[in-house]
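Down below are the structures I want you to see.
In the two complexes that follow, chain A is the common piece, with chain B as its partner first and chain C second.
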Partner chain A sequence: MAEVYIIGQILGASDFPNKSLFCKWSIHAGGGWKLISGVKEGQTQIDDPAFGNFTCWCHPVDIHYATKGPQGWPKIHVQVYHYDKYGRSEIYGYGFCHIPLSPGTHKLECYTWRPVGTLHEEFRRYFLGGGIQLRSIDLIYSSSDRYRLQTEAMGTVHMEFSVILRNFTKYGVEI
Partner chain B sequence: MSLSPPENGFLITVIGQIEMADFPDFDNIYCKYCFVYGSDWELISGIEEGISQVSRKSQDNRKIFILNFPLEICFKSTNPYGWPRIVLSIYGLDSFGNDVIRGYGMYHLPVISGKCTKIISTFVPASSSLLQQMTSWLTGRKPEYIDSRVLAYGDGREVTRVISQGKVWIMFNVMIKDMRKFGFDNIQRNEIPTNVI
Partner chain C sequence: MFYKNELDFMPGVYKCYGDVQFLRFKIRLEIIKSSMISFSNVEEQETGLDPQYNEREEFEFLWNQKVFSPREFKYYSDVRNCSTPVENEYYNEINKLISGGTKSLTNRLFTYTSKDIIPIHLHKNIFYKEESCKHSSQENTLSSLFQQRLCVLNEKFQDWSLLPVRNIIDYYPSDELKMQNRSLFFNCETMYIVADLSDKSHNSENTNINNNEHILVTIKWNKKTHTLTVVPDFTSLNTAGYRIDVDMLSDTRYVYRYWLLNISHIEEESRIQKMEKLKNEFVTYRTNANFTLDFEIPFKNTINVFVFVEIQKATNFLCDNLFVQYFINLPSDWTAEKPDLLSGITQLCRCGNIENVVTFSYVFELKLTKTLSHNIQNENDISEYNWPQFFFEICSLDSWKRFRVEGYSWLSLPASSGRHKLILNTWRPASISQKDELKRFFIGCDPVLTDFTYPGVSVNDNSNLLSRYGFETISSGSIYLELNIMRQIGSNVTASRKCSHLADRKVTTLMNSVNYILEAFKKARQRMLLAREPILLHTGI
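So, the complex of A and B:
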């Protein structure tokens, strides 16, 4: 079986309306993929930068997968939350990124979006915070059922992953 | 590092330096580093932990701290899982001469051969309550991690709140040996350029 190593970190986020943020992340791979070692989901620290507009999470990712084929290549999806001064957290953005297919170090920028509700819901959100959330998280990385959503642009999550492949060339894969 | 082919594993040699740091609010800093690696990894040569000199901020308008601190290390492994990470803890002296934490940072060593410079954002843990914030302001003792190695692992992060401040520049030169021989491919391919309209 061919093996994929994903080593890197979720660096942080920028361009969100507020800087005090944290992120829940998870790596999703298809059925033919087997997780050999590493953690495939987690939550970052809550960072409130002293200056600048870059929220630093510095969250390490180190995963080893074995696979029979490239179908269902892993993707990472993120849910960015804002942590306010009252200790509440509200959703700020959803997004996903594919892990690059080619070996080497890659800087990834994951552009995020949030669902927009009705006028009443948006009015509530504006004054009270909160806002609407996705009920099924699958929607972040699946292409079905998206057409019913209305979304708004949010900030960017920055990641840096290094990919090491093993035994792909043995099976004739040209990488 | 011996150049004879190792029977069991590939080697990664890293030489580099902690070049400089930028901490706008402080006047002096020093830096501790340590390497954290997985169970399949073995240290071949070099020093796993180190501590730099106390550096004072430059007088010109760059306002940076030059550390110019060398890193030389060599690891051996059979499995890239648990790839070595460098954990930085930046301390500074306050006006009473106490050591106060100024920033923590973490970075994976590059997985590809070559030279690169990385800018690492650092952060300090925040006080967990208003009362602790008051006491830390009065006593001058800031919250810090008991063991900075926890930064190399992602678990348990959800309970920590941090304030990010400052940056550290690290330059790495990496040489990797025998990774190809064990079937690993870590050669960097060029990205197909974005078409600019």
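So, the complex of A and C:
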């Protein structure tokens, strides 16, 4: 049995159209993975930077997995929401990235996008906020349906993860 | 549809400290023919216990208890209809009931539990009161549930087009859904209590009964937050109950009233709950401490290469609204576990508030297996050195549906494991004449490579020189990639020199160096013996 420790933090976000943001994240692993300890999903606070353009969350992630193979290596999935002064929250971006395979500390950038609707919806979104959302995130994981989406590039979510591997070399895995 | 008493028709949300298994509730359903109801019914029915009912049914339900409708009873009692494990379970249950001499437990009331297949569009009807739903005449009916289920059952025989086309985007997210999406991930078990409100007197079983299935109560249990949501809320018998009006074809009008009573025992809960909790804690502790997972080890003489690819973004392309198409070419001795992932296409993306950057964050993983053959004697055989190649094509599709190829790129799979950040620069074939350039600009017709693999090293070409002289290209933007590679080597991959190009294979290199030292030692010994011979001769020993 090999084990993986993922320790790190979701640092923050940049390049989004607005600065008052929060992020919902979850870590997804394949079928051969078993969560031993830690939480695999969470939500950050709403941060509105007073100075600069970097929304800072510093949200901790600490998770411990046992696995029977590298297949289905954990993926992190983030959803960034904008929280405005009227208390409304609207989707700003979806993003996916792999947790690095090699042990050590890694800086990750997750580039996000949002789905784009028709002209009428975009018009409405521009003035009233809101906008369209994905019905089910799972459909996006199964990449086959992805091509039907029209999206717009949004900002970047920055993350930092330290990965510790245990017992992988015992099973002929090169690290 | 529902005529509510002001006091109680609200979704009830309960925070429960005990386990949901202790939930017990009772439903009383009364059926009243329209001729017996006066129009000023609201005041009259305040007492609740109206003696004017034609038919009354009461049943006590447990959480997630499956109660079969007469129709399901008939359906599942036939083995031929049961293929999945759940259906087989139902079949066995029904057989037990039949052998016990009982028929269906209830006349009209039945349930759908979380085990049952509830199709996506029905979910939508139940949860999201969208505008489209509001217009539909049959609100909250389970009309097509059975047809849906039959479709799933007989999908081998049925046309796929009967199944609803999956729609990825929710164009009108309801307020409820928005609230749901922005909070943490929902993990609910749902149970529906449904009543079959068909007109039994007319014996119309063969007609479309499904239209008459009405959801009386929806109960949701969220394991994580320990909340129970009951729609509509529990009532007492003193109230008028909830009411459904149904118009029949035969000009009669039926009114159905029902009450939902909570009859779970609280004292009992706390004691058993403590026991359960202790037991659960013990079990989880034991499973966490003792479980083992057998690590998968590749077969002999094979190498598994796990590739986790992430197409992150593309920058500095001329046109907006881009997508990436990729294709992976495997040499003959490589196999992929899921060959359909060897080619793919990302979503369309246009620039946001930063210019010339489009994001994809498209992730996929591949499991590639390389077989090491020992039969090949010729060390110079090229096929041994072939390595998987990635081909990328980046295209744009604008609002006028003009399609342009923006660039081609190529990548050989990195040979070392670990994390690789790559930036691929792309080029596209140049137009030969001014006319073509204008064509490209106005109608989006441009020269395209006929061979997708041309950017890479052509495998079949036997010529000694890879020449592209005379081929004009224009360089365009770049694609940002991140590759994570992990290699796993089968237990006894022998130390053959053929594989030594896998530079950092620790086992191989170690074995090689040991062999090398042994060989060097042998040579040195022979040399020493040769050198000693003349000396021995001279001394005459």
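Just so it is clear, the second predicted complex is superposed on the first by the 171 of 175 C-alpha atoms of A that agree within 3 Å, B and C clash if a C-alpha of one lies under 4 Å from a C-alpha of the other, contacts with A are read in each partner's own complex, and residues count from 1 in each chain.
Here, a contact is a pair of C-beta atoms (placed from the backbone, for glycine too) under 8 Å apart; a residue touches a chain by one contact, two chains touch by 3 or more.
Values in this document were obtained by computation on a predicted structure and should not be read as measured data.
Contact with chain B, but none with chain C, is seen for A:162 once the two complexes are overlaid on the shared chain. When both complexes are overlaid on chain A, the residue A:102 reaches chain B and chain C alike.
Of the two partner chains placed around the shared chain by superposition, chain B and chain C are both touched by A:175. In the superposition on chain A, A:75 makes contact with chain C only, not with chain B. Contacts of A:112 after superposition on the shared chain: chain C is touched, whereas chain B is not. In the superposed model, A:65 makes contact with neither chain B nor chain C. Comparing chain B with chain C, more residues of chain A are touched by C. Taken together, the two structures place residues 36, 42-43, 102, 106, 167, 170, 175 of chain A in contact with chain B in one case and with chain C in the other.
By the touch criterion stated above, chain B contacts chain A in their complex at residues 24-25, 38, 79-83, 85, 105-108, 110-112, 120-123, 126, 151-155, 157-158, 160-165, 179, 182-189, 191. The touching residues of chain A, when paired with chain B in their complex, are 5, 7-9, 11-12, 22, 36-39, 42-52, 54-56, 58-64, 83, 102-106, 162-170, 175.
Touching chain A in their complex are the following residues of chain C: 166-171, 173, 177-178, 181-185, 288, 291-298, 306, 308, 310, 312-313, 323, 340-341, 344-354, 357-365, 367, 417-419, 482, 484-491, 504-506.
Within the complex formed with chain C, the residues of chain A that make contact are 1-2, 15-17, 24, 26, 32, 34, 36, 41-43, 66-73, 75, 81, 89, 91, 94-98, 100-102, 106, 109-113, 115-117, 121, 130, 132-136, 139-140, 143-155, 167, 170-175.
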